[in-house]
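In what comes next, chain A is part of two complexes: it sits with chain B in the first one and with chain C in the second one.
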Partner chain A sequence: METQIQLACEEIAGKSDARIVRFKGDLDATNVDFVTEQITNYFGDGLVKIIADFKQLRYVNSTGLGVLLHFNKSAKEKGGCFKIVNLNENVYEIIEIIGAASLLDIYDELSEAIAALD
Partner chain B sequence: MRIRTGQAMKNNALTMEISSHEGGAEIAVLRIAGALDFSGIAMLSNFFDKITAENRSYVVVDLAGIEAICSAALGEFMGYRKRFVERGGSLVFAGLSGNIRSKLTLLGANKIFSFYQDVRGAINAYKWDYKKQSKSLTVAFPASLKLVPPVRQLAARLARQKGYSVKDAFRIETIVDEVCNNAVEHGLHGQENLVEMRVAIDKEKVDISVSNRSDPGKVAALKELIKPVTQGGGTHVGHNDKRGRGLALIRMLSNDMDVNITEHGTSVHVIKLREE
Partner chain C sequence: MELTFPYTISVRLPSDLEIIPSIRKFVSEVLQVSGFSAKFAFRSEIIVDAICNNAITYGSEGGAESEVEASCVIYEDRMEIVVKDSGGTLTNIERLKDAVRRSRLGLPLSDYGPSGMGLEIVKLLSETIELNVDENNVTSIHVVRKREEVSQAS
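Let's look at the complex of A and B:
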């Protein structure tokens, strides 16, 4: 009965060490291990600049928020980044209320996040 | 008990009858069938006088059998509605056909009267709006994280069903999720150890209670763990914080939170006021 989450990875033209990862579903305690494994694999493959597109991410709880903070920290330690775009209003409220908005790299538009990779 | 005014009255194929046994002492259901034109207004007034004399303040006018309604009759309904509202009740319509609904909407009645699909819906709305009746739901599930998502989603659906906004339902879903996750994570695990969640929802607030069995040997550690949040601080977290985000989130999203940890188990009680 794990909550459904799907990750789809896309290349970014001219950025060999970067990927867009599109999240779809709910990020919670039932699937953080799966998500952690996927993102860690990207980091391990040298893809240390990740743009997480949350356009279709409906829900995040505190456990999910914990792994997002972990990705952000890990990416920076590897000389990369973990940027978040297209947050829905409800998910943003959870991130903001817990005081994590200032700790994460959040952008309104995908194009802004791509431009900020340089 | 069904009260008829002597018998159902007829006027140019128009019939009216009062039912007073559907929903309680304050409610009257007035069923009207046929064509309600100017000639039927005297009959309508007669019925409303009887309803008023019985001290009933919430009137459901069942229009399921109505074929036509004139604007003068609508004016009469408006006048009586005003009187019932002044007495702390209302007058609402139920069972409108497509044609009658269109006509009343064209006359602007939808801005004044509430329309319900049927009498039962109108009575339920009365109990919800005026009597502050709550709807509750209790779920007991084995202490497994995998079972938390359907429970939290159930709570959110209940909130939506009861008219709460998407945003409020999302907050309720989050609170239930976090409280249940904590119960599973910090309580005893396994099929035989149940987590019980109760949600009681009324028009103004949601009352959430979650209880679980705990390991008596971990009670002191658990109390220490929640201290930063329950004693007023610790609502914001840093990169390296591993603990306390869930409880901090519950505290920030709710209007009142109480955590009770004993050797027998842990119970968390949260009140979330409706915001939208």
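Let's look at the complex of A and C:
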């Protein structure tokens, strides 16, 4: 079955160790391995500062939430960060309900997240 | 179309995670057609996803021949979901019992791996969750989620 998620990676001017990764679709158990592999590869390539743009991410299940926490922890262990921007209201509320909002670096705007990379 | 509550949707799923997105989206659409809010439907989608995922991953030891039965009963004021697997190992059943009994998010979030939070989130999003295990180690999970305005008023 076709994966329900697409990731697109973009460089950030003047930030050689950072990338914007745009998520499109649903993040769940059927594609979490694919997403983990992609993000882990970025970390392995020295791209330890990731801004995950969730503008087109409709849905995240419990497996996906666990993986986001894992990315956040792994990035920090490597001296980087995993920032999330443009969360939709439904996904944000689930993150809040489980008490993860304070654990994740969440920003309203992409420009704020980029500015916070410094 | 005039809907008469309650009504039931029942499906038998192959033991394959790939089927879950179609099921959860279908339930979400049915709920919205039935007058439940988009937020209720979204949260119900997460519940359906988590308990089907759990049944397929831990409760279907028979490989390709295994099946999971999912029933969703939609009332005017609530939704009830029952997901029954085809029998898990004793270890997995004990883990399931422990997960249902444990207090809500009893562990720090950092202690949960990618696959450990499902039932915890179900507990946070629902009014009740019950687990039944029969003599053949077939487990069924029954979850009740009330419509927001009913839930807030009670």
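By definition in this document, the second predicted complex is superposed on the first by the 115 of 118 C-alpha atoms of A that agree within 3 Å, B and C clash if a C-alpha of one lies under 4 Å from a C-alpha of the other, contacts with A are read in each partner's own complex, and residues count from 1 in each chain.
Heads up, the rule we're going with is that contacts are C-beta pairs under 8 Å (C-beta built on N, C-alpha and C of every residue); 3 or more make two chains touch, one makes a residue touch a chain.
As the structure is a prediction and not an experimental result, all values here were calculated from the model.
Superposition of the two structures on chain A shows chain C clashing with chain B. Residue contacts after overlaying the shared chain place A:T30 against chain B and chain C alike.
Of the two partner chains placed by superposition, chain B and chain C are both touched by A:L69.
Once chain A of one complex is fitted onto chain A of the other, the partner contacts of A:L110 are absent, as it touches neither chain B nor chain C. In the superposition on chain A, contact is made by A:I97 with both chain B and chain C. By the document's definition of touching, neither partner reaches A:I12: not chain B, not chain C.
Residue overlap on chain A between its contacts with chain B in one complex and with chain C in the other: 1, 26, 28-30, 59, 61-63, 65-66, 69, 73, 90, 93-94, 97-100, 103.
Across the complex, chain A meets chain C through its residues 1, 4, 26, 28-30, 32, 36, 59, 61-63, 65-67, 69-70, 73, 90, 93-94, 97-100, 103. Every residue of chain B that touches chain A in the complex is listed here, in rising order: 145-150, 166-167, 170-171, 173-174, 177-178, 181, 235-240, 242, 245-246, 248-249, 252-253.
Residue ranges of chain C in contact with chain A, taken from their complex: 17-18, 20-21, 38-39, 42-43, 45-46, 49-50, 53, 57, 105, 109-110, 112-118, 120-121, 124-125. On chain A, the positions that touch chain B within their shared complex are 1-3, 26, 28-30, 59, 61-63, 65-66, 69, 72-73, 89-90, 93-94, 97-100, 103.
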